[in-house]
């Protein structure tokens, strides 16, 4: 069993040509796909419909390829679209294929492993609260089991797609007599991401006690060093993919991670590169050849400072803070790995320390 | 004679407290100030009034300090405000003071030198055309003379503030029977920056033949490796500061530069650091201590690609390409030097190759 | 034969529930649909993917309803999505159904009539130029024939969806040795809309001589009082629907139009209402009940003035002028008709005089 | 005693030429100015520096005219700048001059009257809470006394400029051990506007009981029909101007008001026009000649609906809801009065019903 990864450029959110070409050529067997992680070119915020657009296109493309109704695709493939490709970041998708080739992993030679799971649909009033945290923690453990990973320390990245509140969903909760975590639709994305990340932290033992509703988006001391959560309008449940190393898996890919302390923490990225055997001082083109994917979270620090100097990300009413932060972090990552097919998703509430976030690198071994 | 540099944080565009404190304490003698280079927190585009706001505030603050009418300040100090502090970039100003202390420079030990000059006011129809190029070339040579620099190779950075067209200025030209380089006010910023940069290239011998109107913003093969031009609504002339090394000057500062080939060209920044004696692999805090200022241009590549992969900067109708590019390049610079008081100005037309741009570092020696 | 119109609210760009409910209940027979005119909630500019998203969703929904492959829907139904629902404008679609019920119109009692047509795909270098103008003029005459309208004076609205340039399309033209009307992708929308409108003007005899490339977006004296053109990234041809009155048609709907001289021309809207038998001084709820659809173009005046006073729409680098103009005109229309399902599309180049545009009202007769 | 009003176009936020010309010509005596109400062309949100820029320019211009230090101007003139001139709204200022000409008003012929007052500076933690409500109510009564108005029913408009929270101010409160009404800087503008409006309602007897912190921005049933509040970064206190009619005043101006139920409530504007003797069906140019100023609040309805149909203002992460709403309401007003020097300020929390707001008209009598 091995995990194959295909990074495919997209000319627009519904551009299926790269995927369809690889399926046509036999390079990708569609029934092996367990997850597609997309970086689409919307604003990454409430009214980013590029995520839903890409999701719809993937459902139809995979439905065609598999001879299944589009509506069934969501039950077998985690389609996780993250909006926002600010600055140099290039729109693309990363296709994760689980190849059951009978090959066995070797003890002491752990290789990239993946598992997926879904929670139930949440009610609007559950988003950003304990109900979402707990359901997520259970689902993360399911995904670990699916990946054949038993130790939390072997998990290096947990990607989650989670829902947000719209004016209509708030209204719906109110009509049924419930309040919601926040009535600001943009802010609801932060609450949903934060609760989801706390679910990961709980599942991986990074925090221990149960978490109160009031800690969400307030107690920055609680965080996961491996969670990456992204909110979208197009779903009401959490969709989860766990990535780690396991010696049950074969192949030539490994994953490592580190935590960026702030948005310009070059040293953390270099440590993550070294963890998967790459010399960060090597020529840019060489590193670009070895790195298959780099995944990180970006966030404007709540302190209003980076290295003690003021940033304007929270006070800019024209461009949301998540967009500023993604542009910045993606450029630093791209400069380190020599390519712009980097995956940076915004809003790192409870994902790494304030203003920082996890960074994971998947690379070819030797 | 030496050039002192003070980098001062600004809490908002009219925040004069840092400057006034240094004047009050005697750290800055206001009559030594030859240029203030500001990075203000507007959008950096047509309707960025933070530049004019800061300029007005500086005129009043310096008028007070010098006992002069505010209107006269512009004749003795180049006030160059560049808008746009996207991502991690921190709003600040850099104050350049020429100290005539009688100290002589030492042959073979060139130190940071500066000179300033202004062109006449341009008519709207001259902006972005040969008239602006030629007047700028003459003024750059004036500024070199002012700095005591005779060889073009000793010039490492030429900062220019130049005008733009507004709907009213276009209308004015039309009423007088003239057409303009472009009627799109946003695009006019590119033309003005481009023509100004070509003026620098002509003055420094980077291009030789006279430049035709039609080459502006079209022939990307013509460029200066040392020009940094920035357009603003608050002036109609070009204001120029030349920075270089000269052994007529003393002090402990030196300047070096290199050219970034694209927005993620880490290697070029590292070469510029080495040129002023800094090891780019040193700990981040150490580099931050040695670097006094880092100045660069940012631009979205016209090819639509970075390292062969598509970027969306030109197709984004919500955020202008200059804002994307500044956020990206500033983050890479900040990650290299460990601080966010970096100066990145947008729109690098004829300033370095397509998608890249000059980067200059001012650092302490020994 | 009659034209039925269904105005359907949309909760998001891919919300097909309203259409599907009406098909399920028999209210709409899917094989009678000739055009769907959508107002989707994107930015209406280059990277507005809500248009493509809605188009994809309509193709699948109608494909399901008609038992046809989605790819064939575009050949039988004009799917014209216009992005941008700024201010009070409410996202919705207007479904036009041609009912061949054998009923004959009555001489002297003209009723609402419609016809559709498509041009061939354009090459990037043809967009915004004579080739697009001429192909459009021919297609408008085809659509009139399809509607059974012989006199130009009986045409009251011509809706066109036309293509735009992206960085990639510009690159493609260049590679083949062609220049394009403009390299600015946002500006290309204006050129495409303008050339399409000039095609309508030519077809309806509003202008007579052939139009030179250089007149497009320059000679504001050339315009159609009945064209409404809208650019989108999702197509390369022009798609056309002609609306008018004809006594070959029956039903209880009529259409009228007038031309707004500027964005606040209340009197023009009131004249259009009177033309279809509505008293503009009637109570708002009454007017809302009679008006089935109101369609208009919005544009920021190139003069920079409205009623002699400056507007900032062209100098705002945060919000594009088309967004400002749509928000303003839509609000005036909505205030006149007492509902927010109004259709206002931005960019009225050669559609009415500078800063104004056509407005058409479809209403129930007595 | 009479109130003179001068409406002056501004070419940019610091354009003092119109004011200075009128002072030079004797049309305006600078020592009679009690208030300048400006509509500046920023985004109207947190980082709108056009307000501070205009304020600084007015202080210097009036300082020059009056022979006073700029810092003293704020103590004698209420400088109330409201940002945001979306759509057709034209940047301008309205200068209110109290002329003590010895003329007495006539009983039974009330004329336009004005008074001003200021609160103390607020601490960040007081903004949006009871402390701000109560201090405002006291200050409104002071301003009424200053205007010679004793009956609440004779007050037709209360304009207030109030502070907002920035990341730094939040940080400051936290350091001193206080929480704030909201940590979201944009949202803080709503809280400050809401608390200020509740202060007006309390002063005018529109609400009676003291208001709890928790009602601010929550209990939409509590509102003033005459408050207009606007938040800005450049002050920490509330600045208040009361406008009404009083027979202690002479002159030829009167004021009336009504309440718009929603953003397209044409009928309310028409009632306000009739209240000051204007026939809303008169030709547009005639109305434009009679109306001296029209002032209104704009707000996106919290219900998410206008006339039962969905709007997207709250779900748009590219353009803030206040900008959408101002563009819409300003266009409706401008269409009614035939001019674009209309004053519409955004964010109508507790100013009129949800989604609506007060509208006041100042007109010449007979």
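Each chain carries a letter (A, B, C and D) given by its place in the written order, and its residues are counted from 1.
Here is the rule we use: a contact is a pair of C-beta atoms (placed from the backbone, for glycine too) under 8 Å apart; a residue touches a chain by one contact, two chains touch by 3 or more.
These figures come from a predicted structure and were not determined experimentally.
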Open item on the list: Once the contact rule is applied, which chains count as partners of both subunit B and subunit C?
Closed with: A, D
Task: Remotest chain, subunit A as reference, centres from CA atoms - done: D
Open item on the list: Over half of the residue-numbered contact pairs in common: that is the test. Which of B-C, C-D or B-D passes it against A-B?
Closed with: C-D
Open item on the list: Please tell me the distance, in whole Å, between the geometric centres of subunit C and subunit D computed from their C-alpha atoms.
Closed with: 38
TODO: Take the average of all CA coordinates in subunit A, do the same for subunit D, and state the distance between these two points in whole angstrom.
DONE: 46
Task: Contacts with 2+ other chains: residues of subunit D - done: 11, 41, 43, 47, 168, 310, 312, 315-316, 318
Task: subunit A - residues contacting subunit D, complex - done: 43, 45-48, 166-168, 171, 184-187, 303-304, 310, 312, 314-318, 320
Open item on the list: Considering only the defined contacts, which subunit A positions touch subunit B in the complex?
Closed with: 9, 11, 41, 43, 85-92, 263-267, 281, 284, 288, 306-307, 309-313, 315-316, 318-319, 323-325, 327-332, 334-336, 338-341
- [ ] Under the touch definition given earlier, write down the residues of subunit A that touch subunit C in their complex.
- [x] 11-14, 41-42, 47, 49-50, 52-53, 56-57, 60, 70, 168, 233, 318
